[in-house]
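To keep things simple, chains are lettered A, B and C as they appear, and every chain counts its residues starting from 1.
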């Protein structure tokens, strides 16, 4: 029983992280019909930026963990929002006329540049770096089940972020504009919405959320390394696809679904968690074979 | 008279020229150093590289040296396939006479065949897997450091002697981790200990919740960890996250400063075992430390720097003796007996393996690796959690 | 420069082959970084000047009109460079690797360049071939030479797992499927112990009619590196694949594949069976990759999952994008470039992934057809003196 609870907490954490990354993918696709494969690596750059901020704060004698946490999160999210907007402005928007494959290739290569950039640019980048434990680590024990306070806080923060994004998209004017552009870009333009601005803002939001997910990941595992974004990106994208690209709830659902799959794989398979990634990836391929555009089918029309 | 003086002046200058000629025309010889300069265990590789470089520098500064040595440094990234590539590169380069190679056992065991095929004599300085020298009898392969057999024997005796009875083993699935698992299990069972469960993990695994949760359910007293520092850090911190209060007993793989730096207070009470004495207690340790500091290296020599120094010294001395010829060096290395070095006398057995009699036990105390006998754990002032 | 449509002088093509051979010898043999830098500068200058003075077009027309002569000249050139460096282990190894990667790139070209089927798991299929070679030599008593066709077969069979998802998906979804497969392959190998796990496995050398490929060649006074046998094998593989792919391109099959790539709906309207041609392209491409992989496994002698990461698949994709999607000679040049440059320029060894990624981004932004764009279909080889970049060809 307690073991099940342990797995549950872990699964929820993973689900929140995948969900946050998936939200980014789904936003980009909804708005521009483009898959930005570098999203996972933007997450990596984000968390390394946060880490660098932390080091700078430490050097500047700022020692309160709360202040450090808030500042590094804000810096990471803001920096990645800017990076996301830049990528949209210079690499994605200019290619909106070209075949989708070119955009895919460019973002894939960009992801590699970002990943290698972190590895080469950050001092001693190829080694995993210990991420500071900035949240209180008191542990509560119920019988055999131990829950650390920071895990709980991270979970709460992740869920709060998801709710925030939901509110942004559905209850604000900006969200209305984003949804309009996602539905039909041309009509939105004729309605007076600044297409470019909305696209840039969407990319900024998505990338900022990814940075947040990265910082969460760093706080949870107390470690960051330059290739952490790759697998997160693949799983995040799969989660978005499974939930139906363009659908935010689908993305979040997909995230939890994937985390659930991995956890079940870790529990049920006799060789423990070694095979859980293999299992999850195999399921992705199977789902794509069965439902090529996700569980909630994409409503698209093609110009013949 | 001037006419008489000139010929003698010429004769004198000729004589001087003749005398200084041998000193100026030193032949060149190239040696290689191979180790993990990037990746999770780079600290060990870089420390060893500095040590080997120091050996070459000291030799080049020695006026009695017959040859001018050049050091080729290659990075095996602690990956088996990269190790094979760089071994091929070093072996295929005919000007490289010999190599001091490898910290990672996984890398070394993969490259052993390559050294034999290309005929490059080499001396291992850090890898502890016994198979490296014992799987096949390759005349090119030698090793100055000990094997994991001794390490694990001593570890088993110490821990069972302290009263621990129940272990869970977590090991990485490379030959290094598997080797540790094999030997430790054997020795701990022979000393009356019990292994409740064994888990293999991949070398770059991030999340150990599944293994550790299952381990927690088995209620062990000690977690034996057969792997390298990066995973050791993750295992220890995740143990704390799910509330698994057991002692972390590691091997020479976690004996590094990076382990303590990353874990902070969580590292307290972790154990590690390594062959050879700490540098201060080595016969030539003071000399080595002085020279190392004088050379001005930023990074510490780490656990195996002294061994790398010895390996390179041995190679250089052999080349001085028999000349820069691979075959001759291979033959000469096969006959090494009672070679005096900073770690004591080195003798290679028929498989090229040196016996290092002393195993040092270390425990983390107050943020530093402390010799077990000197620690407060040994004297009873502190207790390892049970 | 007016010449009759069907007769082109082979002279420019032969001069080009000789110049390339000489350059190859100089480049591979260069020791100092400065010499290498100078050579690269000369090459860049030659390309710019050549384009300026129309030499490139003349060479291209000459090659087009004298294909067989040029092919023989190219093979002779490679052999000449190989014999020049016959004792240098590392150079022969580099050349062999480049030749084998060219074969893999040819396979990917069929998939991506002709049929428009994305495959980001190229390294995984290469790996399937390598591991087949390992298993064949280690666990079975089959003659080791069979590992080559078996490697190709295994790659094709395992690739067929992906056929259904690949057929039913398009664009980014298809990319996801192949990326997932590539990662799955590597992770599976790492956790599975029977194939050696993360430690990897040894691959024994090929023994053909009693001749162990791993032994050095000694004929009288002539000794060659023990990689030489593999170099000859790789060259034979490359020649066969090149001929196959070129024949394929010029046949009805190639025409169908091009049609499918350019416009699926229209092709379907004209009665082309989309599924059949895509499956053919995908399987054939994987077969080539697997065969080259088996040879590669024997050459390396030792393989580990780390040889076949996602980054390696991306490098393969970079090769076909840089060289010019669908242009076989371009792909060959790009493969040689990608393999040999980082080995010679130690400085960029660490930066090679970034370098290739940046180059591909630049090319995709400014010259999406690649460095040597694919020519418009020549119904009479050599007849059209100039290439026209029609809008149809722009859509890569």
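The criterion applied here is as follows: contacts are C-beta pairs under 8 Å (C-beta built on N, C-alpha and C of every residue); 3 or more make two chains touch, one makes a residue touch a chain.
The model shown is predicted, which means the values in this text are computed figures rather than measured ones.
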What is the set of chains touching both chain A and chain C? B
Pair of chains ranked first by number of touching C-beta pairs: A-C
Separation of the C-alpha centres, chain A versus chain C, in whole Å, is 35
Centre distance in Å when chain B and chain C are each reduced to the mean of their C-alpha atoms: 40
Return the residues of chain A touching two or more other chains; collapse runs of consecutive numbers into ranges. 274
Residues of chain B that touch two or more other chains: which are they? 173, 202
If a residue has to touch 2 or more other chains to count, which residues of chain C qualify? 191
Under the touch definition given earlier, write down the residues of chain B that touch chain C in their complex. 79-82, 84, 88-89, 91-93, 106, 109-111, 113-114, 117-118, 172-175, 202-203
Quick one: in the complex, what on chain A touches chain B? 3, 6-7, 10, 124, 126-128, 130, 137, 139, 141, 144, 146, 148, 151, 221-223, 228, 266-267, 272-274, 276
Complex contact set, residues of chain A against chain C: 35, 37, 91, 94-95, 98-102, 104-106, 108-110, 112-113, 116-117, 120, 230-231, 234, 237-238, 241, 271, 274-275, 277-278, 281-282, 284-286, 288-289, 292-293, 302, 304
Can you check the complex and tell me which residues of chain B touch chain A? 38-40, 42, 173, 199-202, 205-211, 213-214, 216-217, 230, 233-234, 237-238, 240-243, 258, 261-263
Provide the residue numbers of chain C that touch chain A in the complex, in ascending order. 118, 120, 161-162, 164-165, 168-173, 175-177, 179-181, 183-184, 187-188, 191, 265, 310-311, 314, 317-318, 321, 350-351, 353-354, 357-358, 360-361, 364-365, 368, 395-396
